[in-house]
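One chain, subunit A, links the two complexes that follow: it is found with subunit B in the first and with subunit C in the second.
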Partner chain A sequence: MEKLRYERPVVKKLNTGMMNKFGTRTEYNPVTHIDGVSVKELISTYGSPVFTISERTIRQTYKDCKRAFTNRYPKVQMAWSYKTNYINAVCNVFHQEGAWAEVVSGFEYNKALLNGVPGNKIIFNGPDKTDDDLNLAIENNSLIHIDHLDELYRLIEITKEINKRPRVAIRVNMDTGVYPMWDRFGFNYESGQAWDAINKIILNDQMDLVGLHCHIGTFMLAASAYAIAASKLADLAFHIHSKFNKKITYIDMGGGFASKNNLKGSYLQGNVSSPSFDDYAEAICSALLNAEYSKQELPILILETGRALIDEAGSLCGTVLANKRLSDGRRATIMDFGVNILFTSFWYDHKVSPAQEFSHYTEDGVIYGPLCMNIDVIRESITLPPMKKGDNVVVHSVGAYNMTQWMQFIAMRPNVVMIDMEGKHHLIRNKETLSDLNDKEVMPAYLKDFSI
Partner chain B sequence: MIRLSKDLLSTSSTGLANSYAQLFLSANPVAGILIGLASFTDPIAGLAGLLMAFFTNVIAYLFHLDKEKIKSGTFAFNGLLTGLFLGYSYNISYYLLLIIFAGSFLCLMLTVVFDGILGAKKLPFLSIPFLLSVWILKLSTEGFNSLDPNSTQIFVFNHIYRVGGENLLKSYEFLEGLPIPLMVKVYFKSLGAVLFQFSLLPGILVAIALVIHSRIAFSLSIIGFLTGYIFYIIIGANLNDLNYGFIGFNFILSAMALGGFFLIPNVWTYILVILITPVIAILGVGFEKLLAPFNLPILSLPFNISVILFLYFLFFRLKSEKLILTLVQFASPEKNLYRYLNQIGRFANELYFKISLPVLGTWRISQGHTGEITHKGEWQYAWDFDLIDEESRTYRLPGFAPEDFYCFNLPVFAAAAGQVVKVIDGIKDNDINKVNLKDNWGNSVVIQHSQFLFSKLSHLKSGTIKVYEGEWLAKGQLIGHIGNSGRSPEPHLHFQLQTTPHVGSKTLNYPLSTYISSEGKEHQFIQSGVPQLNEQVSNPIVNSLLWESFNFTPGKKLKWTIKKGSNTLTETWEIYTDAYNQTYFYDAKSKSTLFFYNNGNLYENRTFYGDKKSYLFSFYLCTQQVLLSFYKDLQLTNQVEITHIFNWAERFLQDWVAPFYMFLQSDFHLNYTHFDNDISDSSILLKGSIKSKRFGIHLAEKEFDIKFEKHQLHQIIIKENKSILEATCIVE
Partner chain C sequence: MIHKIREWALIGMFNRMRIKKNIAISESGFIFNPTTGDSFSTNPIGFEIINLLKEEKSKDEIRAFILDRYFIDESTFEKDFYDFSTLLQSSQIAEE
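Take a look at the complex of A and B:
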């Protein structure tokens, strides 16, 4: 018989009115395996902390999303939002599923090209596109989404120089009844800016206006806002057609779908409050179907959702470094991962599960990261069973943005592992070493030597 | 005035040759002229017939009846028959002329009336107007002393001598005296008897006309006649009746009508011809007795009754697999048959009001027709639709609530245009694995598509139904969302077709039109079919480029530059619409016409008339059928009408056995090879071939590539016998 685990005693205030004298039990079950691979094995193989990506979850989520849309609208195209997670292996899972690429910078653009995405299936978004980027995108016949007039003017100049006809769309922002209104990207619908840009593009006749794009916000908890956005874009497209006899081939609804993560300050848990793909799909597709299009002329619906497709597929496995008691009596646990690699803990209350069996006793506490920096807090308040140094935990739903927004601060970035459909694990990004950092640095000769 | 009379003359006479052909269910003018000649072996009868047909046409013209029907001889052939009868019965005189005129008018009115009455039921009027006119005329003229009954039929030899002198008599005697078996003589006489000519010569002429008109019709005439003849011998009836010729043609005409004219000729219609003969015989004998007291001949009455009776009887079948009614009448058994064989693949759903899938995207049939769970008995012809993932699960975990099921709350759409006749809403959605047997069908919508065709969608989500009773729906209009109401343990859509508006109505076995059946990444286009259990089906998604490329609207011009070897030719086709709303290309240079059809999902070339050397004809073959959707490696396969591929001699031989065996065969294949992008500069490549076989041996193959670029059909390259034809298109 295995030796019973030692758990330190817990002191707990008794509350009247509770269901039993031990208070509410923890909602957590231990998560000892991810897609059939034991957490201990992952940590022993790849070190701690380690990011894991579940290929199965990616594919399932992608299909879930696609199903929700294609069963409501005949022409749907997904484009993988590189900024959400541009680890090549992750991108290629999406490309294998049929997604195009959506990029917002020159390096992302090149990353997509290197991954093998055909140039004409790359959507180039964002306010920052250099001349080189634009030239490359035009050369590759990519879909350039114009963000502001200065970009439009520059694009006109470039097309004149190189005598090519790029395919463009404009990004439109609008009031969809939600706060805050995202009006810093693209051209405003209500004020007529959008029409201004459209007129300039079409009358200038240097470019092919093929689509309209919007991206109404992020972590949108109201699917209805998409219905408003979709019908406004459809309306715009329809009137472009009647004014200029110019067919708008696609409507890009951007992303912003909420994942099942728990947003800080929200009353309900994410898996309850976040709309499902079906909710978003219903809002967008019925708005488009209700627009004034004949069956044959329905525009292609492009979706660039990132977060909702990848968040759940990512987990972070880590290890307890230490336990301590704070001055107010709260228990604090220090993990070996901090906000440097779990950037999203600034806005999510990430779900954290112990990776080994535990009893039903729980304790309120704080989870800190390892950084010697006061802001390094993973959870300000969490109920967990008592854990001791060396125990492992799994942080759930960390697939989106962490592996792109992470930083090399105090500690290096860890390994990233993908668990494939058969439950085999593959290293998809090596952990960084000191040389990764030092190799980039240049030491002026006069600073080389010193004596202390 | 002059112009009017010119038009009158030309219109009335155009129909004459056709009216002779119509007597034998033909539209072949050569056959018509031969039959006309045959009718003049008794010149008086022939003349009376011709006169009466002409009168009928003139009257029809003056009353502004349908000119096309005058030209096709439809109005005149009953008059023609009546005239032949009068000329045969009476000697020529002014009185006869008067009767002929009155008879024409009567016969025309009867024709129009029966055309109206029977036509409304989609039945032919055949020679009923003739029968009625003849009986009335016979009864009425019995009191007219001025009419001199013709005694030719009694004193044959005198008559022949009077008409043609000794030579004719000799040739008549020669023919009669030929050592031909009695049966064959009777056959020829029976053919002649249709024209009230009772000798061998006209019969032989008619037989030749029949062979020219149709090999199938000719073989049917023999089979019909033989069966009748043998039946008479078996039951021991009076062979003289047959011999005289008055009865025999009923078998012949019925055999031709049912064996290959109103039905598509095949082995079953040949069997039918044999089986129905006793009925015709009994009808003949019975009616003869019935009419005898009035001294009226039964003439073609058995033929008329048996054909109309049988056709109407056929309309009430629920399945029509073996005996197939001719939908578009080309007045030639061969044309009807070849067209039909071409149609089985291509125009199969032409027969039906088209019902599409009531959903978007790809769905699984979780229970098909005659399913094991609930599709039983009167409700067996229904489909249940749901969605599955890669692991064949219908839900995402944990699957405890309807919301976990993939298909829950997905929209459903009208499967075809129609009117909502019943809406049931407000029934609570069940928890998983609970059923509501009280409100069995749950929230349901019944839509009426045609007089006897309704579709029903059941188990919808409470409160989601967007239509109201009485509302007219366009195809694809949103109806509601899938729920879990009624007898539904887990969310799914129940879809059935029925003949009544009731929610509990029994089901109708009816196919669905134009859908894609998928297995993994392989897709198959089904033009008309019944999706089976576990089949993955979807409505084809229209591809913009293909749709734009085939959106040939009247007024447009297609300019082709055709390179063949070192030659460069041009062809310009204009697009027109005719009075029946059919669109066609017309190439003025080769005077060729190509009728095409496009319903937004599917483009098809229907019929080609004109010069087969023209490029338009090659286009007709290469784009015979194009589904306006792109599915990688989708393959369309159809038959090509053999008339377009093989020469007349081969076809002439094929015709004889066509109802039983096609030794000539030609297939059209089209493969969806390449599609680049979907946004603006898309391009598509389709690769196809026409493969022909003779007795299963492959003949030279025609291969072609169809390229689409810049929103239009760009190029067709045809390779045949190492020669390459390259045609580039500009649409104006």
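Take a look at the complex of A and C:
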């Protein structure tokens, strides 16, 4: 007789009518394939854990977002937010779709240049731009978004030294009715700081003020905040035109659109609580269309959304290292990936799916990473079917920020693989090795030898 | 290592474990303890082990039965049986 598939024996207390802090069961089918590629094949080829990026999902999500805006507004330009995921293959998928580059540091700027993005299609944000960065951006005719007065004055000095007129915008922060108000980027609208900066730029006449920018927050669950921000920027642009007879050619609404991930502490699931691209587009485009522009004078609308465009395209395939019972009776499952590579598990209750067949029986438990650190918790409470050592899982929607904020801590960063439109997989970032770490270190001669 | 685990198990706490007499178990894996009023559910393999314990099978007999019936190695079963037995005792379904 053929032997049966084994499942760890479980017994679970039933609490009729009581709230379950672990939530309800969410997994009904195993996720055995990603874009047609077997999870087992990916792990056997590239090791475990391994990040995967779905090119198909990136392109589809990008098109969905672009369409939502172009259906409502005639001049839309997307710019890929490098900090969200700056693996070159990922960036180039967005560039192939027509996105410019939006960078926030000198190294990101150079990454965009090396990827082949023309300098005049790079938006340079961020509070930290060195003299070398500014010189390079001016030389390449990039769009420099000024964050503070110190940067403005330094830019004026540099333009005098090299006798060139950079194209600039100012970053504007404002009250959009959400708490906490993000007032750390740029110049404040309500207090008059923004007007002060605008006056200084235009009257100084060393640079061309071509745009206005804002970045009102992150994971914004209220699309209405963008309507307020767009109205205020449009009002600013209109008054610049009235006062100086100067046309602002673009309004950049920054990023901050929410993905469908589940925020920690959120009552509703992300796919219910997060606004759609259409919701954001309706708020922003309506505000701009209702502003005091004629059809010919409408500014270009630039969008720098990152998270909402890439989160769903990323998955993390991993393996169960061990199971144990905690002192309070909870089941603990230890995975081979931790917060060192899954930084977003501090923010989200990531959806985790088994990658092999399972029964309908479940256990409440906690998922830990492999790090020897108490904070290494992937899910504090989750209901999953029993899994054994060696079983595989897929963590969903990990495309944003993990592959940029990951840490070389205790373990090295793993391989990253892209699955193309035909279902073929390509290594797009090699896993790190000890030499990647040791090669950067320098041992003073007197410390080389010891005896124990 | 397996030998060692078995040795520990033999001198351990689950050799003479039995299901309490008043525990009601349905064929669907629903378990009811009339003393405490608690109810539980178990999966098919858990149901089989509980029934074997109810028949007062020894741990060795249970191990042989499971290894013969399922794709599973001995050390994994030992580990899971230990965990399951602990749960049955702490849930007051079984006693030594």
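The criterion applied here is as follows: the second predicted complex is superposed on the first by the 436 of 452 C-alpha atoms of A that agree within 3 Å, B and C clash if a C-alpha of one lies under 4 Å from a C-alpha of the other, contacts with A are read in each partner's own complex, and residues count from 1 in each chain.
Everything that follows uses one rule, which is that contacts are C-beta pairs under 8 Å (C-beta built on N, C-alpha and C of every residue); 3 or more make two chains touch, one makes a residue touch a chain.
Please read these numbers as outputs of a predicted model, since none were measured by experiment.
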Fit or clash - subunit C, subunit B, common subunit A: fit
First (subunit B), second (subunit C), both or neither touched by A:S359: second
Subunit B versus subunit C as contact partner of A:L289, first or second or both or neither: first
Superposed arrangement, angle subtended at the Cα centre of subunit A by subunit B and subunit C, nearest 10 degrees: 130
Greater residue coverage of subunit A in the superposed arrangement, subunit B or subunit C: B
Partner chain(s) touched by A:R5 [first = subunit B, second = subunit C, both, neither]: second
Partner chain in contact with A:Y86 - subunit B first, subunit C second, else both or neither: neither
Contacts of A:Y73 with subunit B and subunit C, given as first, second, both or neither: first
Superposed arrangement (fit on chain A Cα atoms) - minimum subunit B/subunit C Cα distance in Å: 32
Subunit B/subunit C common contact set on subunit A: none
Subunit C residues touching subunit A - in the complex, by the definition given at the top: 31, 38-46, 49-50, 68-72, 76, 80-81, 83-84, 86-88, 90-91, 93
In the complex, subunit A residues that touch subunit C: 3-14, 16, 323, 325, 329, 359, 361, 386, 388-389
List of subunit B residues in touch with subunit A within their complex: 359-363, 387, 389-390, 396, 403, 406-411, 476, 478, 539, 541-542, 544, 547, 600, 676-681
Touching residues (chain side subunit A, partner subunit B) in the complex: 59-60, 63-64, 67, 70-75, 77, 120-121, 141, 143, 167, 208, 210-211, 249-250, 276, 278, 282, 285-286, 289, 295-297, 300
